[in-house]
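Chain nomenclature is as follows: A, B and C, assigned in order of appearance, with residue numbering initiated at 1 for each chain independently.
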Amino acid sequence: MSTIIFEEVTKNYGRVQGISNVSLNIGPGVTGILGPNGAGKSTTMKVLLGLARPSIGSVYVDGVNPFDNFDLRNKIGFVPEYDCFYEHMSAVDYVSYFLMIHDFSKEEAVEKAENSLIELGLQDSMYRKIRTYSRGMRQKTKVARATAFNPQILVLDEPFQGADPTTRHLLMEKINSWSEEGKTILISSHILHDVEYLTDNIILINNGRVLASGNRHEIRKLMSNIPIQIKISPIDKNQLRPLVKRMLDEKWITAGRLLESEGEIILETNESEKFYTEFPQILEDEKIIVEKIVSDDDTLDSLYSKLVEGKQWK
Amino acid sequence: MIEAKNVIKKYGQVTALDDFTVDIPKGKIGILGPNGAGKSTFVKIALGLIESTSGEITVLGENLDKNSIEIRKKIGYMPEHDCIPNKMTGVEFLIEMGQVSGLDYQTATQRTHEILGHLRMGEEKYRLIEEYSGGMRQKIKLAQGLVHGPELMFLDEPTSGLDPNARQEMLETINGLAEISNTNVLLSTHILQDVETVCDYVIIINNGKLQIKENVKELVKRQTDTIQIRVGENSDEFISILKQNNNKRNIEITDRWIRIPYKNEESFKEIISAAASAKCQLYEMERIAMTMDNIYLEVVN
Amino acid sequence: MEISKMFKRFPTLFPPIFKDCSYRLITNKLTWVLVAILMLPCALGLLVYYEFSGDRISEEVNGEKIYYTSSGELLHEDLRVLFLEISEYFGIGFIALLLGIMFSSELISEEYNLKTMQILRTSPIHPIEIFTYRYISGIITGVILLGLYSTIFYIIVMMGAGIHGILEEIGLLALVIKIVILNWIGFLSIFCAINVYFERPYLICFIYWLFWEQIMSGQNYQQITLTHYINSIIYDSLTEMGWSVTASDYGLVNSNNDTIATDPLISTFIILIVGISFIFIGSRGISSKQF
């Protein structure tokens, strides 16, 4: 079980801001880091990898400062956003090259490299030169390199970039299983949907500052100034109208809207916890069965546009 | 829009398209398939870049074999790779592209500004392309395919590498394209959600054959037989009540959600009453809908 | 990481790194442009041989053919001067320098461009290992390439003087190869270190060579240049071989025209020290460079 702690970390590159006053606590499982280009995602990763030294503040990975720490490097696997290959090598050569740096003997390194590549579905092409690889195969090779020595911490910068859907799916399944093994995984992706599939734990970052971090549902609850909209759809569409009427009797429902064509009602409340607790009982009492209770408000799309783009009333 | 009849394309021994027949309707079409499945071969044939070994293909009502020059005036192409000069301004580049496509200077200028207006490019269109952000570069790439006013626009990975804002904007632009100028769109992408949000129809090609051609809206309306629930406090009590009612069914529990099989409407009733008696918050309850991912993986694997 | 551990992992770590580096160096297009330029004197040598081999006079002594020039001097003594002079521009001169700069850039800068350096810096490999193994790979590749080249060129030039001539002057070939080795040990280390610290290594390497090595050597304080020590060794060896050369031929004089050549053993030692110091300087640069 590995933990990563940022204590008020600022990193400037000359006069250019990397990240500013970032405090984080990342535990085991998958954590998604989201934000626009240039927001500071890669800088955050570089600081925790020990590739960059914080200008102010301190970082602890498993309790130690990662900058220039050798023991830690056996515990962290890194998949950078960009290609980072010796193009003339085959995937097996490439992965085993780095495994030898991790103090495996040549035979062990080749064996581990092959296993790791086969696990990622590259068995047919792993002896071919990387130069001939497609984008998806390149991503798999990078992931194989970062995971072949079984690190406890994985840092994945846009691992799905350019990957075809099959590769994307495979990588996600792998990430899920590594997460279940108790690895600490930090992942960035521009495809919010992918992150949502993998995890509820996110870090939203923009202009070098952390806007929010934690469970996305909890983050939404903290934004108490914006009412939550909940979509409900009863099985019997004749009950749409009575249900809205009944719900508007409660003073904690601030608005109700009827979408007849979609067979849904939308309720708005500032006291979401109260709503979620009492709503099943109300349904029981009124003998109404609903087939859907959802709020699009705490989806990553919605959180992202509210917090990062500042579109609070989208 | 595109009609292919028994198209076969062979590269030496390798058959890229194998007796491929499809009738693609007008509108916004997503074209999916693994690398090397014949997707790009089909697109290249439809664009008139390569010839098929045998079979007939009609694009926008014109036979490709006879009119491959004429047809190009009706087709626009936005390639995946970066193909724009850095040392020109956006406007200069587009006017030049317009002139290459046979427009005179004044018309090309007019078209350029019209298109950049649609794409919501402001004063930055007078800046050098090398200063552009990823999203703006993509817009210029899109605009160069549009400048001669094509009826059919082919987009290859238009959102690749864009951050969420830029991606959203690109998708809105593509939607607008079809609405404002009635351009048909053929979209090839690895990001299946893009197809879900933008396209009317989707075709999936694998092993040189058409696998499915379906209406996207219909496709994603399909629901799976699983209900996903998310509850708050007292979840243990909630789960134990559910288990009593569902002793023969398997309940999947993770710290993120609970999934139980959907049998009939009673399933919902059981969940609601379990939540009511356990007094726990019922944050979410919904039958999981089919996503493009599910469909794609089902078809391709 | 302790030094002992580095030595222990050398046998596993060095071969794959050497394999990668030498492959990249040899498949680099620029290497072959430079090799083509190196081949120019070889081609000329062959041409001269076929044009003028009829003009020479030969004499048989103890079954060996000895060739003389038309003016009656020993032909191999004429040709050896030609070999050394041309080598001083090619195999151990300007072209070799360009090759060294190019190698250093491929070994170090390219790793930053390819972003493989980022991966190496997140892997448990010490900057000294990163630097040294690339440096050694560069030396081996360069020395083999130029050693082979010098030998071929030597044979082509001395061919005119027959087997006797080739064997008679073999000591000169050994000297040139020795200089090639010392050149690479000294200069490659400096070039690689420059590549670590500067964004435009080609330019900086060239400026260093032009202003430091070329202009400073031949002046009063030439002892601070590597060229001084290289020249000292050449000068000393040539005198030993009985050539009539003066210290001023190799610029080893100060403004009072006093010979200031350094002892060859000390020179070799200093070149090695410079090579090793720049390993440390370069490694420090790698470890302090942030991404």
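Simple rule for what comes next: a residue touches a chain if its C-beta (ideal position, glycine included) is under 8 Å from a C-beta of that chain, and two chains touch if they have at least 3 such contacts.
Here's who's who by UniProt: A, B = ABC transporter domain-containing protein.
All values derive from a computational prediction rather than experimental measurement.
Asks: Which chain is most remote from subunit C in terms of Cα centres?
Replies: Greatest centre separation from subunit C goes to chain B.
Asks: Of the chains shown, whose Cα mean is nearest the mean of all protein Cα atoms?
Replies: Taking the mean of C-alpha atoms per chain, the most central one is A.
Asks: Between subunit A and subunit C, what's the gap in Å when you average each chain's C-alpha atoms?
Replies: So the centroids are 53 Å from each other.
Asks: I'd like to verify one number: the distance from the centre of subunit A to the centre of subunit B, where each centre is the average of its C-alpha atoms, in whole angstrom.
Replies: Distance between chain centres: 23 Å.
Asks: Quick check: how many Å separate the C-alpha centres of subunit B and subunit C?
Replies: Distance between chain centres, rounded to whole Å: 58 Å.
Asks: Do you know which subunit B residues sit against two or more other chains?
Replies: Expected reply: no residues.
Asks: Under the stated contact criterion, what part of subunit A meets subunit B in this complex?
Replies: The contact residues of subunit A facing subunit B are 34-37, 134, 136, 161-166, 168-169, 190-193, 199-200, 217, 235, 273, 276-277, 279-281, 283-284, 289-295, 301, 304, 308-309.
Asks: Per the contact definition, I'd like the list of subunit B residues that touch subunit A in the complex.
Replies: Counting only subunit B, the residues touching subunit A are 32, 34-35, 133-134, 157, 160-167, 190-193, 230, 232, 256, 265, 268-269, 272-273, 275-276, 279-287, 293, 296-297, 300-301.
Asks: Write out the stretch or stretches of subunit A touching subunit C in their complex.
Replies: Touching subunit C from subunit A are residues 13, 46, 49-53, 68, 70-71, 73-74, 76, 78, 80, 82-86, 88-89, 93, 96-98, 100-103, 105-106, 145.
Asks: Can you tell me which positions in subunit C touch subunit A when the two form their complex?
Replies: These residues of subunit C touch subunit A: 1, 9, 12-13, 16-17, 20, 23-24, 27, 114-116, 118-126, 287, 290-291.
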